[in-house]
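Chain nomenclature is as follows: A, B, C, D, E, F, G, H, I and J, assigned in order of appearance, with residue numbering initiated at 1 for each chain independently.
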Amino acid sequence: MLFHVRMDVKLPPDMPADVAEPLKAKEKARFQELQRSGTWRHIWRIAGQYANVSIFDVDSPTQLHEYLMSLPLFPYMQIEVMPLCRHPSSLHNDDR
Amino acid sequence: MLFHVRMDVKLPPDMPADVAEPLKAKEKARFQELQRSGTWRHIWRIAGQYANVSIFDVDSPTQLHEYLMSLPLFPYMQIEVMPLCRHPSSLHNDDR
Amino acid sequence: MLFHVRMDVKLPPDMPADVAEPLKAKEKARFQELQRSGTWRHIWRIAGQYANVSIFDVDSPTQLHEYLMSLPLFPYMQIEVMPLCRHPSSLHNDDR
Amino acid sequence: MLFHVRMDVKLPPDMPADVAEPLKAKEKARFQELQRSGTWRHIWRIAGQYANVSIFDVDSPTQLHEYLMSLPLFPYMQIEVMPLCRHPSSLHNDDR
Amino acid sequence: MLFHVRMDVKLPPDMPADVAEPLKAKEKARFQELQRSGTWRHIWRIAGQYANVSIFDVDSPTQLHEYLMSLPLFPYMQIEVMPLCRHPSSLHNDDR
Amino acid sequence: MLFHVRMDVKLPPDMPADVAEPLKAKEKARFQELQRSGTWRHIWRIAGQYANVSIFDVDSPTQLHEYLMSLPLFPYMQIEVMPLCRHPSSLHNDDR
Amino acid sequence: MLFHVRMDVKLPPDMPADVAEPLKAKEKARFQELQRSGTWRHIWRIAGQYANVSIFDVDSPTQLHEYLMSLPLFPYMQIEVMPLCRHPSSLHNDDR
Amino acid sequence: MLFHVRMDVKLPPDMPADVAEPLKAKEKARFQELQRSGTWRHIWRIAGQYANVSIFDVDSPTQLHEYLMSLPLFPYMQIEVMPLCRHPSSLHNDDR
Amino acid sequence: MLFHVRMDVKLPPDMPADVAEPLKAKEKARFQELQRSGTWRHIWRIAGQYANVSIFDVDSPTQLHEYLMSLPLFPYMQIEVMPLCRHPSSLHNDDR
Amino acid sequence: MLFHVRMDVKLPPDMPADVAEPLKAKEKARFQELQRSGTWRHIWRIAGQYANVSIFDVDSPTQLHEYLMSLPLFPYMQIEVMPLCRHPSSLHNDDR
């Protein structure tokens, strides 16, 4: 099932690069792992923000929660979740 | 280019069915026309709301505005628009 | 899976009793049908509000959406949905 | 009587694990103590948030306040309380 | 137990006086009845608003809800409820 | 004249006990002094919050301001003030 | 004593001129009466809004409330009140 | 001097075309008159909204207020005004 | 021309007195300088807040900005500005 | 295409001048570079705020994002973006 997730990342502006960079590298690795598994179906940057809008395809809210908790940047994120449904008028098969 | 659009539809609860139904039918027709043309790339219902989250792929903000204004339900909608960018870490070609 | 749903009912104060009463009776019937089926697991009134907090146990966001849309008072409700997970520390089996 | 309590936990992201872990362990112990006593009737995680929704069954607002103040994570929580009533249409005995 | 209740009254400005006046008279009668019974412990007007702040002393949230629902102006009110506790430092016996 | 004051106390969670405790003790002493003088007519804890709702009976907004500024916890408080009036329908003499 | 009052006027756009004009004329007359008496010390329009910021000099919140209730446009206004104090550093005698 | 003005137009969805069209035509005429006079320096549509962002160059807040009040759609608009200053680092002469 | 300015001062509660006091003394000196020059026409404390409401009489938004930036407490203030106009019904010459 | 961007700068009040000044100098240099290239079409200070309103003319949301991310003050800014369209009634060629 699908969930719409908005993530706003709030890193302290004075976080040293040698702390921030490994954190971001681990985030990217975990993100691509979830993307490859088909769970993290879409991601887009919001222009002008250190933030993204994502679409997750998971088995349950619990699975979604575990995936989000597993993100290395989770402690620095503000997250909003909205459950989605396929739109009855949609002609696209992949808007499931 | 991509835009994230949230549309909340506020039809008056006492709108007679013979006004509401043709309006919704015209909305569906126009929506599918834009979907077939590739402009309206994604649409999802927000669970529990008369509302959707959509991704548009258009040439400019002006084109987006014209498409939204052309929707028969536009006068009854509250609309929020966010410009999106491809995420640099994404592995998916279609998250352009 | 579980969803937390808050429903605020906004009936126009001048709705005639012979319109409001049948509507509320149908709402109650549909509500009890869903309660009997095990879908609408909990409901509580919020003190001082024409509003409730409910816990739904459904198969998907789509099923939740259909149940909420089927409520006779849906056009008069403002609804907020939050996906829930079992809490890992809970000792209660029914907080699934 | 029943109260709906939402707790959002805001631990500083740089709190050392040897401070955070004992704090969370004490929180869990106190939570389960209240759960066993029947006071903390329900708890659910909110998906994607370090937050929960809970239902307390207490003798008075004062008792609720004392229980919440006794939580080791209280100084790091943002808490919202709503008094609840049994819904007159409910068929479930335990929605008291 | 004590509850803090704020009531904002929103009568339509074009409600005819022969509808508004009897409604207000019934409201006043019901209010004084609850005041005499000791339930509606305090009431104050908020300066510049058609609104009041009240303190109720009731047996339960359910009783509070029933009293508020029994007010003739209830359909025109926006109501906020906060449960209160006796303050541990208070020297006044009647701040119970 | 009467003022409704809500005070939310925001002590930093890592304030050492040997700083916080004397501060709270001074706050309590000053509070009881104002309570004994009849100025601080009512105080109630808001359940689940480190916050109170109070009713002050003072000669002027300036006197209210001076009393609030004299509280040892003032620098850590977020304060909201609303001027109150006696309600014309009240039967209670002490709701002046 | 002084109060800061912001008044936003919300006349329905379709109110006929022969209803609106007499209402506004009565408002102006009552306003100038209070201005002449020294009660309504200052008034300014907020640029671009059908709204004003005013300073009242009254004996009590109750007197302020009565004056505001006596305004013919009161039922169409949204009003916010803040109690003011003389600023201790002010050199102006009339900022009392 | 410059002011940033955002105007959101809220025409009732059921306003008949023979009322709305002449109103919009008059709005356009007045708008172009102010644009030609150099007062209304810039205007842009906000994509997806019946709203615009404008820059006015006027002699005073009072003149701005009079121009805005003279717009035929003023009663249907929600307006926000912010005073602007030339930015000290700007290289453009016309960002005055 | 007139501007309505609200200033909320947010000094860190743990700022040492030997930093805060000279800062406040400089603020007072600069404030009285502007008051003497006729620019800072009115100032009032908001009861219960470390905040004021002020009326400035300046030549332009740019001059207002420069005066506000020159305040020693500016980095600790949250400021809101509203342009004002003389009210057409006012009988007072000094409400210009 | 055009975007409306509001930037609020939140430098910590205790940032030492030898950190803040070079940062601001780099910001100014990068800003003027973008201004010279025609990308940063307009900029205005918001009176009383450490904030600006800007109009960008870019090829895509992605280009806008890259330009904003390249600003030395980006980590200290809160940014809001709105896509704009040429207004159909505008007589000015440069409101494109």
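As a working rule, contacts are C-beta pairs under 8 Å (C-beta built on N, C-alpha and C of every residue); 3 or more make two chains touch, one makes a residue touch a chain.
As the structure is a computational prediction, the values presented were derived from the model and not from experiment.
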Chain hops separating chain J from chain E, counting only touching neighbours
3
Comparing centres built from CA atoms, which chain ends up most distant from chain C?
I
How big is the rotation, 0 to 180°, that puts the C-alpha atoms of chain E on those of chain H, in steps of 5?
145
Result of counting contacting C-beta pairs for H-J and I-J, higher pair:
H-J
D-E, H-J or C-E - pair sharing over half of the B-C contact pairs:
C-E
Fraction-based call for chain E against chain D, same above half, different below
same
Which whole number of Å gives the spacing of the CA centres of chain C and chain I?
50
Using mean CA coordinates as chain centres, what's the gap between chain E and chain G in Å?
27
Taking the mean of the CA coordinates per chain, how far is chain F from chain J in Å?
44
Residue ranges of chain A touching at least 2 other chains are 2-3, 45, 47-48, 61-62, 64-65, 81-86
Name the graph shape formed by the protein chains and their touching pairs; answer line, ring, star, complete or other.
other
Throw together a list of every chain pair that touches.
A-B, A-C, A-D, A-J, B-C, B-H, B-J, C-D, C-E, D-E, D-F, E-F, E-G, F-G, F-I, G-H, G-I, H-I, H-J, I-J
What residues of chain F sit close enough to touch chain D in their complex?
11, 13, 45, 47-49
Given the complex, residues on chain A that touch chain D span 3, 5, 61-62, 64-65, 68, 75-76, 79-81
Chain I - residues contacting chain H, complex:
1-3, 60-62, 64-65, 81-86
Residue set of chain H touching chain J in the complex reads 2, 4, 28, 31-32, 35-36, 42-48, 52-53, 55, 82-92, 95
